[in-house]
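Both complexes shown next keep chain A, but they swap its partner, so chain B is in the first and chain C is in the second.
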Partner chain A sequence: MYLQLTVGGLLLGCIYGLVAMGLSLIYGVMGIVNFAHGAFVMVAMYASFWLNRFLGLDPVLSSPLVALLMFGFGVIVYHAIIGKILEGPFLARLLVTFGLSIFLINCAQFLWSPDYRMVENPIFRGIIMLGPVFVEVPKLMASIGSLIVAGLIYWFVRKTKTGLAIQAISLDRMAASLMGIDIERLNGYAFGLGCACAGAAGGFLAEFYYIFPDVGTMFGLVALVAVALGGFGSTEGALIGAILIGIIETVGGFMIGSEFKYALVFLAYLVIVIVRPRGLLGWGAD
Partner chain B sequence: MKDVKRTNKTLLTIAVLASLIVPLFIKARFMQHILVMVVLYAVLGQAWNILGGYVGLVSIGQAAFFGLGSYVSSYLLVEHGINPWVGFILAGLITALFGFLIGLPVTRLRGRYFAIATIALGQVMKVLFENWERVGAATGLMLPLVKEGLSTFQFHTSKLPYYYIGLAMLGIIILFMRYMERSRLGYYFKAIREDEDVATALGINKTAYKLIAIAISAGITGMCGTFLAQYSLYVEPEYMFNHNISVTIALIAVFGGTGNILGPILGSAILLPISELTRAWMGSTGTGIDMMIYGAFIVLICVYQPQGLMGVVRNIQARARAQVQQARRGANV
Partner chain C sequence: MLNVSSINAGYSGVPALTDVSLHINPGEIVTIVGSNGAGKSTIARTISGLVRITSGSITFNGERIDQLPPHHIVARGLVHVPEGRHVFSKLTVTENLKLGAYATTSEAEIAKRLEYVYELFPILKERARQQAGSLSGGQQQMLALGRGLMADPKLLILDEPSLGLMPKLVEEVFEAIRTISQTGVTILLIEQRVLEALELCNRGYVIQNGRIVTEGTGTELMDSEMVRKAYLGM
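Coming up: the complex of A and B.
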């Protein structure tokens, strides 16, 4: 039983991990805690839904396209809003993404009503046996996809020239700018990349999850907790933190009742952050 | 300088008299409702300000204290028939104690870690109350309708008594903050905000003062919770622990400007009418367009007015002063 639950938690954690990595990337590069990240996931889920409805594309298969769309969306959001307040006071930087989140969620409600929707006839469905445990196929596909995207991000940030420049900005913005790195443009790319993570995750989730305007909020908050657990600015930490949360949520939810599972997740955050104020793998200033 | 002081005093007198007298001529219930909300959120903004503006601990989970306070008095009233005024005081004391206990671990966190911890706290409280059968779980509690009057803390014919109670709360908290600004407490708070480590090195017990700040802030916020419970005569988790309450409180502080007394009052006086009017105008359609405007408004404020209204006022003052100086210099030559 516990093996079954742990595997379930692991799969869930991988999807959280994808959302959390985007969040952590954005934070690491420009110091913005993106409270609108959950709303981005929601936007991506609706994008997948409409692609499915009008073009007949399966959400899992269309997720690269959605990720690309979200990349563009993220770049626009960066240049329209985020880039303008990077030098602003702490509180404004904290609240601006709250506003964005409220705006996007209610925009979705206005455009598409608060109804619950679901993708019809997804390709991946049903349950298979993997050894001793039952695994839901869409969740398995989603977590494999998440890990592939996570690997791609890792490769991009570590091995490509653009990725190295992004890393340079997160280490020392001033020095990076003196080395001739165009900070504005690369910040835009980094923000877009973070959104693309949310986009891919939204695509995978749309395969098996209900879609409604408020769907992203919990994903965003859980991802935030995962990032804090892993340590702000560490993408690997975010993935580890997210998997940990997935397991805590599933196993703990089974033990004390599923209505309390998010309370448990937040309690875990409080405990871990108090023991290790900068998260498991965190570095840098407050 | 004397002139400035005198004009300030005149302005203050006018403002106080206006806030006392003008509402008497407002008969429309909805306008009265807006007035009540403005004073309520001004008090909430001040409570936030003590913690966020003076000590520098940014909380986005004030709804946790707010909701707890509303439930304390409502539970005592519904289950034990205890007078809401007693509940009002008890709500303040219990939430202050709660803030203190929560503060023991949480005030060790800094910056955004503290902010996220407060968000987490707000969510945990909401989930707990949604599942707590004793206090009505997700449906909450209905307060009994009794004869109106100051002793029962219920008024049906007019909303103005609520306004004056809120105004009295605001007056008391302003007096307290004026005293605090000039006392050792206020200086210690500001020292911790400016640089924790230096403050500690100078012998300030930062943990103790942070705990004092969070207890005061939580206590006042809890009393505001009782106020809203008595005003709307019901409490439910989705309403009292709503995350938007926390965001609105923080937003008022950003918009008005933090670390001074006037900021939250200005912020509330401008923001709340806008938010209530858009809600009344478009909220009933249920399409979410009012919240859409609200969200866009937050973004615009943060992008174009991140220093808050007090920042604007200060800029104008500085410019005026520079002009006066220039004029004087010209006269001397």
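Coming up: the complex of A and C.
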């Protein structure tokens, strides 16, 4: 039974991990806590939903496309809003993504109504036996997909020239600009990449999850906790933190009742923040 | 080559530079000396675009650069190695050096420059795969210098390259600066080690409280009563 639960938590954690990785990347590079990250997941889920409804694309298969769209969306949001307040007062930097989140959620309510929706004919469904455990196929696909995307982003940031420049900005912005790095452009890319993480995750989730305007809020919060657990600015840490949360949520939820599962998650968060304020693997941008 | 003409600049309204003018001719080593907080680093930052001037002008090879963002200034061959080294501590030595050549797309060119920097500072080659943060202070300074050279500078601004180094390493750094200068790179050297800097330079400026108070050739300045009293303790 516990093996069953742990596997379930692990799968969930991988999806959380992808969302959290994007959040961590954005924070690491520009010092912004993106409170709109959950809303980005929601936007991506609707994008998958409509792609499915009108073009008949399956959400898992269309998730690269959704990730790409969200990358573009992120770059635009960066240049239209975020970049303008990066040098601004602390409170503005803190609140701008809050505002954006509320705006996006309300837009979704206005455009698509608060109804719960679900993709009607997902190609991945049902349950398979993996050794001694039952696994829901769409969840399995979603977590494998999340790991692949997370791996790609990791590779991009570590191994490409643009990725190196993004790392340089997060380590020392002043020195990075003296290297000839166009900080504004690269910040835009990094924000876009962060959104693409939320986008891919949203695409995978759309395969089996209800879609409604507030659906992202919990994902955003959990990602925030995962990032704090793993240490702000550490993408690997965020992934590990997220997997931990997935497991705490599923196993703990079973033991003390699923209505308390998020209480457990936040309790774990409080403990870590008190015991190890820099997170498990943390180093900050500030 | 570089012409700084009557600039004023400051930090959030507090002036740090008042009516500063200086010029650098191709091939020269020019030094700026002055005590703590005089405004030396601020001059470097205005030239490289990190700090905006409030009046005056800066031209490089005849072109106004005082409104350009830093990355455009680097692209013109004006490279600033900041005070305090600022190496990317979590990245390897090689990655740091490659970032120095960020504006260059040609892999062959980057490899060539890397070879040149390794030749100049063999210790960097030995440590190529180590994290920059694990290097000693002197090695980090070599790395900062090498990273600056990777941009193939026409004018190199060095802000206190000897800061916090042991005397033996200071000599090494000054030797490296001489070598770099001999390859045709023009150098603006900011230093608190006044004697060494004045011996090395062609010309120098003395800055106090954000103003240039005197200028001249290295020997002129070393002989000047004011410099001897204020900075050489004679």
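Note that the second predicted complex is superposed on the first by the 283 of 286 C-alpha atoms of A that agree within 3 Å, B and C clash if a C-alpha of one lies under 4 Å from a C-alpha of the other, contacts with A are read in each partner's own complex, and residues count from 1 in each chain.
Methods note: a contact is a pair of C-beta atoms (placed from the backbone, for glycine too) under 8 Å apart; a residue touches a chain by one contact, two chains touch by 3 or more.
None of these values were measured; they are calculated from a predicted model.
Touch criterion not met for A:255: it reaches neither chain B nor chain C. Once the two complexes are overlaid on the shared chain, A:181 sits against chain C while remaining clear of chain B. Counted by residues of chain A touched, the larger count belongs to B, out of chain B and chain C.
Within the superposed three-chain model, A:107 lies in touch with chain B and out of touch with chain C [touch as defined at top].
Once the two complexes are overlaid on the shared chain, A:123 sits clear of chain B and of chain C alike.
Of the two partner chains, neither chain B nor chain C is touched by A:3. Within the complex formed with chain C, the chain A residues making contact are 161, 164-165, 167-168, 171-172, 174-183, 283. Contact residues on chain B toward chain A in their complex (touch as defined above): 52, 58, 60, 105-106, 108-113, 115-117, 119-121, 123-124, 127-128, 130-131, 244, 247, 250-251, 253-254, 258, 287-292, 294-299, 301-303, 306-307. Taken in their complex, chain C has these residues touching chain A: 48-50, 69-71, 74-75, 79-82, 86-91, 95, 98-100, 102-103, 147, 151. Residues 33, 81, 84-85, 88-96, 98-107, 109-110, 113-114, 213, 221, 224-225, 228, 232, 257, 259-260, 262-263, 266-267, 269-270, 273-274, 277-278, 286 of chain A are the ones that touch chain B when the two sit in their complex.
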